[in-house]
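First comes the structure, then the notes that go with it.
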Amino acid sequence: MLNRMLRSRYLPAFLMLAAMLALPYVLPSTYYLRVASMVFVFALAAMGLNLLLGLAGQVSLGHAGFMGVGAYAVAIGPTHLGVPAIPSALAGVALSCLLAYLMGRPILKLKGYYLAVATLGCGLLISMVLTNEAQWTGGPDGMGVPRLVLFDAPVRGVQTWYYVCGVALVIGMVLAINLTFSPTGRALRAIRDSEVAARVVGIDVARQKLFVFVLSAAYAAVAGSLLAFVNGHITPDSTSGFLRSIELITMVVLGGTGAVLGPVAGAAILVILPQALTVFHDYEHMILGLVMMACMIALRQGLVPALTARFRERTA
Amino acid sequence: MSILLRAEDISISFGGIKAVSGVSLAVERGEILSIIGPNGAGKTTFFNIISGLYLPSQGRVMLKDEDVTGRPPEMLARRGLCRTFQNLQVFFGMSALENVMAGRHRHERTSALSHILGLRCVGRENARSAAEAREKLDFVGLADLAERSAGGLSYGALKRLEIARALASEPELLLLDEPAAGCNGTETAQISEIIRKIAGAGITVVLVEHDMKLVMRISDRILVLEQGRSLCLGPPSVVRGDSRVQAAYLGQHGTREAHVA
Amino acid sequence: MVGRILGSVAIAATLVAGGWSGARAEEIRIGSVVSSTGPASLLGDPQKRTLEMLVEDINAKGGIKGNKLKLVLYDDGGDANAARTFATRLAEEDKVAVVIGGSTTGTTMAMAPVFEDAEIPFMSFAGAIQVIKPVRKWVFKTPHTDLMACEKIFTDLNARKLSKVAFLSGTDGFGKSMRDQCVAAAPKFGIEVVHEETYGPRDADMTPQLTNIKNKAGVQAIIIPGIGQGPAIGVRNYKQLAIAVPLYVSHGVASKEFIALAGEGAEGVRLPAAALLLGEKLAADDPQRPVVLDYTKAYEKKTGQPVSGFGGFAYDGFMIVAEAMKRAPSNKPAAIRDEIEKTKGFVGVDGIYNMSPQDHMGLDLSGFRMVEIRKGDWVAVP
Amino acid sequence: MRASAMTTELLQFTFSGLTVGAVYASVALGFTLIYNASHVVNLAQGEFVMLGAMSTVFLAAAGLPLPVAMILAVLISMVAGLALHRFAIAPARGADPIALIIITIGASIFLRGLAQIVFDKRFHSLPPWFGAEPIVIGGAAVLPQSLVVLAGMLVVLVGLWLFMTRTLFGRAILAASNNPMAATLVGINVPVIVAATFLISSLLGAVVGILVTPITLTSYDAGTILALKGFAAVMLGGIGNPPGAVLGGLLLGLAESFGAGLISSQYKDAIAFVILLAVLLLRPRGLLGGAALERV
């Protein structure tokens, strides 16, 4: 049984699930649960981005925009439209997918840095709308998110959201693993390695790219909705800003694009590091920059792939 | 004999230079047809046009009596045309088996939604694709290396891997762009054997190749291009004896050989 | 209930910690989350410096009722999400008795629920009115609301018999919030907003927007709500285009360096500002004069930088809390909260505070003064 | 009469756009230089601009004469550029482009972190070279410093062009950017060339920072937005193409000023990006990037 699990492609998801269930018994206070929830939420968004970047080799520098759509959906729905939170969240995911579809259709033809700047532009547009349309979004200061009410009981408490985020991450992970080892996953990896070769064997490159772009936007939107629920107050910058997009892509690359656990590791670094670096006070940004550079120089494929390779070398 | 692919009066130019001009060709079902010519004669460009990568400025391409000029390669693949590349276009981040499984793409029927959800039908389909892919790997003699990462294979093995991947798409017409380029004698012999087996399985093969011995040995017909124009078309014996070919092409034989070496 | 138990546990833990460290007196932990880096660092940085200076100062004088203070300060970089995490950390890990800080409305609103749940008093430096309206039991704030700045400007416009204004507002939280409050309040003062433009917080040139305002018929005054470099560049471009109508900026530029940055264009520009800005220029009998001069001197000596209104918010916030702690029967959060709410007649650099259960800011319009920039210095407008 | 008011207005927008655009263009040019030699997109380019400007401000405040402060500031920025190459880019040679980008992001966070400690977090300005009294051209008011910036831009462009085409070293840079392998074969030391482009880019950044600070002001975190806009400008013009970078920068500046002046100041950045997107959809490799042709 254990042996089968160890060899299963779902091993990373098992590990994640086990870690998620064990952590609350180890962590001394809800503050740590809050930090862990943030890791889960950002790991989920980064995992979606990893499908795009790691699997299909396409970059997006505007992914936080889709997080923003998911986050604001659960704020605007109940506040302005009288739609309950869960349907609002679903609508947010749907809207995010629709936006990704409409944007992706033209811009996914672009390659490399051109795609990077186009997605960056799309992310900025979303962020700008969230900032400027203050009558709906509360503007730059943001808006409150009504507490989620399920079966007439408000869902509250850091613990509850910790488990919700953790479960969402594990599910996201399982789905990502499923996709990777499916015909679509092979097609996407083929596109990443050689677009022209993918085309000649009959892979509809445009369609596959669009599919994975929309899927990654869905991940981001779900993560955004969770972020909004956990935080209770959202601002355009903290959900959809340009720097958040950069942070997401940094998580993916730091953790390693090739591995399912990569985005989790990347998110853990970028969420936990600022908490740990507070002891350095004014020097924390310098050290954060140094750590990022050192990581990328020493472990170019990213943390998880580089470490697994080293581990294999040692055991072999 | 029926005509599988017909190229009519194909021309294309880049930056004012005519790379291919007025080339016509009719490929018969079941034959092995080679395209030869000196470097820069427009062979690969012509290939890129009939495989849908470039849009010709003039002329049309008919596949099975259907005008497919300007159709993208993925549409041609669905109509039974597949190709390999002069410069390797292998999926280096995947295993040899997965490379060939990717070639099965157009035969895989499950939906993307089922892929995400990991439904049972996907598992069955994966198994089916893997079985077919192993068969193709066996066909090109790479069965033992199925689980190896493509990045770790030798050059000759990669050349054959590309052929296996193309075969996995079950083409009726296979275009091979310099399948033996850069291969040593043994590897060339293996490739030559594989091409014969492919033709034996009823698949039409068109190849661009520099290795004259290989071309003369396996081809049913040979098209000679020079400076973008069609110089001569016929069976090896005729082409070998054609004075224009000798003047234009075989005259450079020595220098070309040196170049390849 | 749970919160209360946690609160007592917190105090117990602090006591134990104090005992271990060998200190006889209790150490009171004061938490703070400010945006000392990032887009709002203009606000957060002087606040951080002020808090550090004040804690050092009080400890040097023996602490509060013999208890030393310990400042636990985090930088949220202007990110509401990080602010929320640090707020949880202050409440859960650091077990602070009171929290001072929250540089922007966005970060404050993200943190407020945490302290409401943990029942820790929270003194914010955010401008927007929604921080204290509706009143939250545990949340207070020191700066004047944006609405008050608008009212001060409109009153001045009324006095000058000007009624048609154009806005060039920043798209950051401060500019947007003030613009919204001003536009809503305008009709009450008979002010008509005839044209509106905006600028991005990092814009280096606003001549297109100001050209439009200049060419708009009937504009009698221009108002630039915003903070940081934006209003300075706006004023420079206003001068560049030789626009003749009066210009108002907001209390968000309230620092001496604004005059230097805005250059010659600043001549004649008016703004509502707290007493802090006037410094030596305050009347000798002004009740705020000693406080303002004390803070200004101490801050400038300590940091080598001119005081800013944002640091002033932190000064008032800290001092109100310190006074409340002196009065409070215990160092429990609830006790401190109750005393903060009872603050009466506290003279700060931003105004004179009179808090109540209905008013968790406690300032009225009298704290604001209309000042005009003349010959490179502030002058009070009567 | 109305027509002339309109012309004046448009002229005013044009000057505004050109001034801002010149800044974007210079940053874009810095990007392009480094990209051409090493295929690294250096997102720390904006920090070079900041270092030049902030160093000048603080050195001048410390009592140095302004010209000396400027020269020292340029040197400081160049040291930073060289250090960035030596300690972060060179050790990571051969890494993925995206990994290199993350390294430059790390570098920009580091430099910003350093600047907030060494300098401060306030805004600063420098005195304009020829006074603040605007010059009226065709009814539009232009700051003399804007003309200094535009002239400086021109000098930099011409200087760069002469350097690249007339000097052996410049030609070596061109050769290395066209084909690093061949350049190595003919004896060009490519790593030295790459280091040189970092040096030139940081010099360029610092000069621009010093020139524009009298107009735009500066602060420790002024680099981020410049990197963002510079990157957009590069892509608008077509990556790897120096005239494209300049064109892209100027057009982006003009798009913002005309967007703000004629359409909506609230959405002016959006307008600029929509134009960028539209250009890319029509020309997937930017304005001067040439046609895309797949080589197989």
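Observations on the structure shown:
Going by the order they are written in, the chains are A, B, C and D; count residues from 1 in each one.
Simple rule for what comes next: a residue touches a chain if its C-beta (ideal position, glycine included) is under 8 Å from a C-beta of that chain, and two chains touch if they have at least 3 such contacts.
Which chain is which protein? Per UniProt: B = ABC transporter ATP-binding protein; C = ABC transporter substrate-binding protein.
It should be emphasised that the depicted structure is a prediction, and the values quoted were computed from it without experimental measurement.
With centres defined by CA atoms alone, the chain at the far end from subunit D is B. The chain pair A-D and the chain pair A-C differ in C-beta contact count, and the higher one is A-D. With each centre defined as the average position of its C-alpha atoms, the distance from subunit A to subunit D rounds to 32 Å. With centres defined as mean CA coordinates, subunit C is found 35 Å away from subunit A. Note on chain placement: the centre of subunit B and the centre of subunit C lie 72 Å apart, centres being C-alpha means. Put simply, the C-alpha centre of subunit B and that of subunit D have 47 angstrom between them. Chain contacts: subunit D has residues 116, 266, 269, 294, 296 touching two or more partner chains. Residues of subunit B in contact with at least two other chains: 53, 85, 89. Subunit C has residues 37, 39, 171 in contact with two or more other chains.
Interface residues of subunit A facing subunit C in the complex, by the touch rule stated above, are 29-31, 34-35, 38, 131-132, 134, 139-142, 144, 158, 227, 231-235, 237-239, 274-275, 278, 284-285. Per the touch definition, subunit C reaches subunit A in the complex via residues 37, 39, 74-75, 78-82, 84-85, 88-89, 91-93, 104-106, 109-110, 112-113, 128, 130, 171-173, 176-177, 180.
Of all residues in subunit D, those touching subunit A in their complex are 41, 88, 91-92, 94-100, 102-103, 105-114, 116-117, 224, 228, 231-232, 234-235, 239, 266-267, 269-270, 273-274, 276-277, 280-281, 284-286, 292, 294, 296.
If you check the complex, the residues on subunit D that touch subunit C are 5, 9, 12-13, 15-16, 19-20, 23, 116, 120-125, 132, 134, 141, 143, 212, 215-217, 219, 221-222, 225, 257-258, 260-261, 265-266, 268-269.
Within the complex, the subunit B residues that touch subunit A are 51, 53, 72-74, 76-78, 82-83, 85, 89-94, 98, 101-106, 108, 110, 112, 114-118, 122, 125-126, 129, 162, 165-166, 168-169.
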